[in-house]
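Data first, discussion second: the structure below is written as structure tokens.
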């Protein structure tokens, strides 16, 4: 039912990205001969629609598959199953040359700011690379754009000829952001783009992302752990748990009235920049073993740690259903 | 026995690069008591990581070099220790969680091995099996699911947050006296973050571990630290007990920082208020207060003279500003 | 894995056929003629024609090649043209173990000397230690091996004459036996061979260690309090191994065909001399056999290297 | 000295200029470069200078002859064999009474040309094959790897015999106009170089492939793909520069192999012909006189060693200079 | 070891009677089968173990070996050999005339693939039919065994050199039993018998060494040595070093060590039946002119070359038939009419003038390019050729391009030069006697239609072709003459004619320099570098 609902929203034409049944399983190899001994079900059936011009926040436990989802959407890892459509074009079946052209429209800010920068490239070369690839101007124009982008992300344009290893963690992350913005793509997967930034720069970058969105109608899939930032920037927020989406709603709604117990636990743990509040607050402490994506528990993934769990939770996997208007949740006992 | 576990005096760490000398840490002093949790916040690129690396003496050299100051750990100057003495200290008495968990793990060894190795190094006479047990235990402790099996995984098979937790596990494996954690929870979701911070606090209680927590998440600072220092352009600009920082920030930079935080209770569509302007280039000579070009309350004096860290307001609060609020 | 091995086996067949075919064609067109060579200066056209027929060399090339393949399938390399009484197989059987022994010990020296020297050079990069290390290694490497061998022999002769010792100037002991006499025979050639080639390993180690030593995980290893020795040999070296494995794999493959010059000068009954002289004598059955052997060696060496890659670096996948 | 101007006013230094500046400051590399330049100049212009420095020599065999005769690499004074250095023969004479210095200069010219020619092909082929195999993997890797294996296993000597046998005469007539190597009767050397190059690249290819396997798994490759870089560009800009050090090391080491290899082939009569000279040939000709006339083998061996050292250290210097992470 | 050796003539005890006699220059003998042997190394080993009906002594005269005596029929076509009594193989099996017949027949069988038997035994009637497979055997046909002690061989034409040819190892007697038992591999089992020579094989490790011990059934004088070891040395340089270190008893001296070694009392020179020569193609310009050929021959100073290149080891020569051969002509003159080997630049220039005229040219610059091709792989040869080129340049003003060629390719090219005006122009190579008869040096090289006449002597268009053909006739006549002065005189006359014609440009006769430890008594090389079977009894080790 929920599936249908989501499908209809695609038909309205406002959908930019449509992900259906996305699965990414990694083989775990072992033994002398590198046999596959198990599968990590990093992403195990994710359905998402991202509307044009919106920011979809993606939060969830560390290791639940957020980065993998992002990379699979951008076809940086081959999904095990499922379909990804960008602007109605099926990406998973696109020939490499076509896909390469599509890359101008979709970009990624990598979670690992250092590893994703070629140590032999200067900052200038790194940021210029996408511009050159898609012939956005001549050498001088590109140089100017690079300088501009550096300024935009709060780096001194004088740094163009420095190499990544000469920067601090936050500075590296901004290089990655500048690269992703360079092409003015319509869709950006931002994998923890501000996690290493100090709050002031973070504010600057968040503002920038929002400005760009307003100006060019950009669409973001915004992965982050800082729930205040997510709330601030997202129109809707999806909560992931162990390879699946467990709740999806407009951000205000989600923060006000989380329906899934995991979301509730998550929100209760948000640290507040006020020692007084922090000293008084109560958190929902999740008990029980953290389940493994290698052999996820039967039924609802979350049941071993859920305080509301019943027999049905151990047996039946709850589907993602619209429990309230535009508020989807995968739980037998929401609320 | 000295009262302070760590005493950093006038530390200066510079990078001698082709485009000039980068004064990443310039005259930094602070102290830490056993069991204390010290928060370090500040501008990105202000020298937090370099300060931390200086304490454990792992600044990339060349080009980096500690050019001045002293670092007293348990009363002994770390800068005068030889390599063997340092290796004894590292990992057992002082350990560190590096900022970049993605590249800080050796790609060719299993996670479990990398933890067990530390244990084996510092616990004399422990068997391989016991070390491995301890590694699995540590993984469990940092909430890696299915620890027994995942201990045999390689770093590239872990998510960012999982790697970060592995780094924490390594650092905690030997119950150090001083734990330097450089943005240890950036890749962690809040529930796990809370648990990890809880874990660290637990250690402080149990073993008297002092925690130097470098972070951008002021919420984390608020919930975890007793004392906070704020860094800007290689200097400490403010140092205060955690409550005072949040309630009566003295330095304009600190104030700017607090104002840029997005709040959960704000209305949608409001804009964040970052500090305007650019941080200074540390490879150039800075005259006067480094924050002067961006400071809303700047006076002519600020452009000529560098303010010293001086007590402001009540008690232990210090700020490097001629005109603190 | 099984699939991988099967793929490689097919690859091996492909390589063997490729090599033998190219060799065959080259031999077919190369100037010089085996029968001609056998007859030497006693050439007579009738005898020539007779012998060509006797050896089946008057058949069209594809039939000759086909016959060769049919025999190859039965691991039958036929008889050498030059040493009439001996099956090629017999020649190989005697020579290959000796050549392999020599080359394997040399490999041990490459690894035992080349790798540590390379590491030291990397750690002291661009200091006088590095320059000296590399200087010595490179001079040994650049000095043609025949000069090196002769120098060593002259030295041995000198020692023998002066001291009345009877250290052997040349020859090889029992293959794979290590009594004192055997060791006496084997020591000099192995050392010469090993030292002459160690520079390759030293240089490769140096450069690849330099890359690795500045990675973040080296800093982590130090932060754990590991002594520098472990940081280097455990954490850095393992990451620097890929190119070393490549060269080792290739070297392993080549152990099979021997080292002509050193075997020649030290009079070692390996396969090296035969490999070279068979070409000069146009002894095609032997040329083909050595090519097949080398093909097997190379494919196996590279196979081992590929497997070793995955063992050393889990990020690298087979296939 | 306090600087007042802001960072923006100062012009950023370009990385290339920066690298060159670093190279210039590397004494070891600069000395090496100097040695190489010296050797090249020596081989090109040395003979002219040398032949105009000597006077007339009254030869018992040949009558009075000027230095332009007795200081050529081919002139023999049969009454002046195996001499040590003298005013007439600065580096002495070989076992036929030929001027060692003259032969050395000629030999250097031949050896350096061959080495450069072979290395260019070696590097190009090695990188091409190795990168393609390592980067694309799959059947491309299979085919290329097996191709490499075939070249590895194939009897290079036979190939050289075939090549010179078939094209030797053609080379003698056609290639003798090629500068440097051609006119001295060494036209076949070009064939030999080509053949040496053809059999030399597999090791390079394997090294490159191994390294590529490692590099391509790094995240910046994924990032480059996201940036819309084509495979070609990823290889060209991201992989090949990261192969620099291993390629330089392997190539510099190959230089000495090539020079010696050329000698062995020349000794079989397939390369340099009498009375021509090459470093390797000089060494091998004198090698059986190590005991009796060590000088004759020492001179070319030492020259070769110095050449290899210089190339290696220059290689190291280049590597360091172009690696952003090395110290200043 | 030790620098000085004290030697007496006193014989050492039996346990010390071991001779280490390296085979230097090969990694293994090519074959141990007498029927297949072509090279010195194989023959040296084979001669230890096998013997033939007749063999050469140290003076290269034919001596009875297995045969005690022989007669020739009146027409000279039937040879009857009587064997010595009670001959036995080294395993004790009796050796009879049937074995002799079997051995010769076997060597000629096409399946044996022998390259020598068809040449050396070509005189035997029907041997060509057997070779071509037209008949299955010649036993009972041209080889008869009327009784166990008598062998009768019929030959095709009257030839004085038949006995000489019979001394070659392809007619040595081999044991049928062993060959039947082991087939092609029989030579790996020579410790079980096989031959009737002075030694038998104790062990044979391929590529390593052969150990011989005396054959108890040997019919001749028994060797005194208790053991002879033939270790293989791939390089003569290595063997020489081993000699210096005291690890072998005999060694050839590499040229770079000759000056040093010559000073010792263990140094010897063995003159070889071996001539290095150059030759010019009579069909290719400018060597179709006898004057040109002579100019080239006289422009060179062989003495200087022998001194400078060969360290005076070789002997400069104008001869085709080398010194030490029966029929050697001490009075032979060079093309300049003297016995000098120093060349004659003046005459050379005169001949050049004449030669240019013959060619219709006015200056040397109009000459076609001249390329001298020679076998690659020998540094000494390289040096000689370089020296020659300089001499031609100096004396004649002609630039000769020298070109080292892979030996096999060279042989191909040489064969292709026959009757080929576009063939090889000028080349250098060597000839070593197969058997000590001038026929081997003259008829076999220069007669019409013989395989070695690649320079096209006699069969060309030069004005003196008729004269050359007369020389060819003369040689053929000499072949058929009975051995004696008249025959040699005919050969001498032919040889002088060939030399005048510059059919060959002989350079030097090779001498083998070698060293033998002074405690090895009685050891020396004959001109074939062989030790005759019966002579082994005189070699022993003295106290040292």
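The first chain written gets the first letter, and so on, giving A, B, C, D and E; residue counts start at 1 in each chain.
Definition applied: a contact is a pair of C-beta atoms (placed from the backbone, for glycine too) under 8 Å apart; a residue touches a chain by one contact, two chains touch by 3 or more.
Just so we're clear, the structure is a prediction, and the values are computed from it rather than from any experiment.
**Q** Just to be sure I understand the contacts, which chains border both chain E and chain C?
**A** Chains that touch both chain C and chain E, as defined above, are D.
**Q** Can you tell me the least number of steps between chain D and chain E, where a step is a move to a chain it touches?
**A** 1
**Q** Just by CA atoms, which chain is the most central one?
**A** Ranked by how close its C-alpha centre lies to the overall one, first comes C.
**Q** Go through C-D and A-D and name the pair with more C-beta contacts between its chains.
**A** Here the pair linked by more C-beta pairs in contact is C-D.
**Q** Return the distance between the CA-based centres of chain A and chain C, expressed in whole Å.
**A** 53
**Q** What is the distance in Å between the mean C-alpha positions of chain B and chain E?
**A** Averaging C-alpha atoms per chain gives centres 91 Å apart.
**Q** Roughly how far is chain A from chain E, centre to centre by C-alpha average, rounded to an integer in Å?
**A** Inter-chain centre distance comes to 89 Å.
**Q** Can you pull out the residues of chain E that are in contact with at least two other chains?
**A** As it turns out, chain E has residues touching two or more other chains at 237, 377, 406, 409.
**Q** In chain D, which residues are in touch with two or more of the other chains?
**A** In chain D, 7, 12-13, 18, 161, 165, 217, 219, 268, 284, 288, 291, 325 touch at least two other chains.
**Q** Scan chain A for residues touching two or more other chains and write them down.
**A** Those would be 112, 114-115, 156, 158, 161, 165.
**Q** In the complex formed with chain C, which residues of chain E make contact?
**A** Chain E residues touching chain C: 1-3, 27-33, 36, 38, 110-111, 113, 115-116, 118-119, 128, 131-132, 184-188, 206-208, 231-235, 237-239, 241-242, 244-247, 377, 406-409, 411-412, 415, 429, 431, 434, 451-452.
**Q** Residue numbers of chain C touching chain E in their complex, please.
**A** Chain C reaches chain E through residues 31-33, 36-47, 50-51, 54-55, 79, 82-86, 90-91, 94-95, 150, 153-154, 156-157, 160-161, 164-171, 263-267, 269, 273-274, 277, 280-282.
**Q** Please name which positions on chain E make contact with chain D in the complex.
**A** Going through chain E, the ones touching chain D are 237, 254-257, 259-260, 304-305, 307-309, 375-377, 379, 382-383, 385-387, 389-390, 394, 401-406, 409.
**Q** Considering the complex alone, what residue numbers of chain A touch chain D?
**A** Those residues of chain A that touch chain D are 71, 74, 76, 96, 100-101, 103-104, 107-108, 110, 112, 115-122, 129-130, 133-134, 156-161, 163, 165, 176, 179-180, 183.
**Q** Give every residue of chain D touching chain A within the complex, in rising order.
**A** My answer: residues 7-8, 10, 12-15, 18, 218-220, 222-231, 233, 237-238, 241-242, 323-325.
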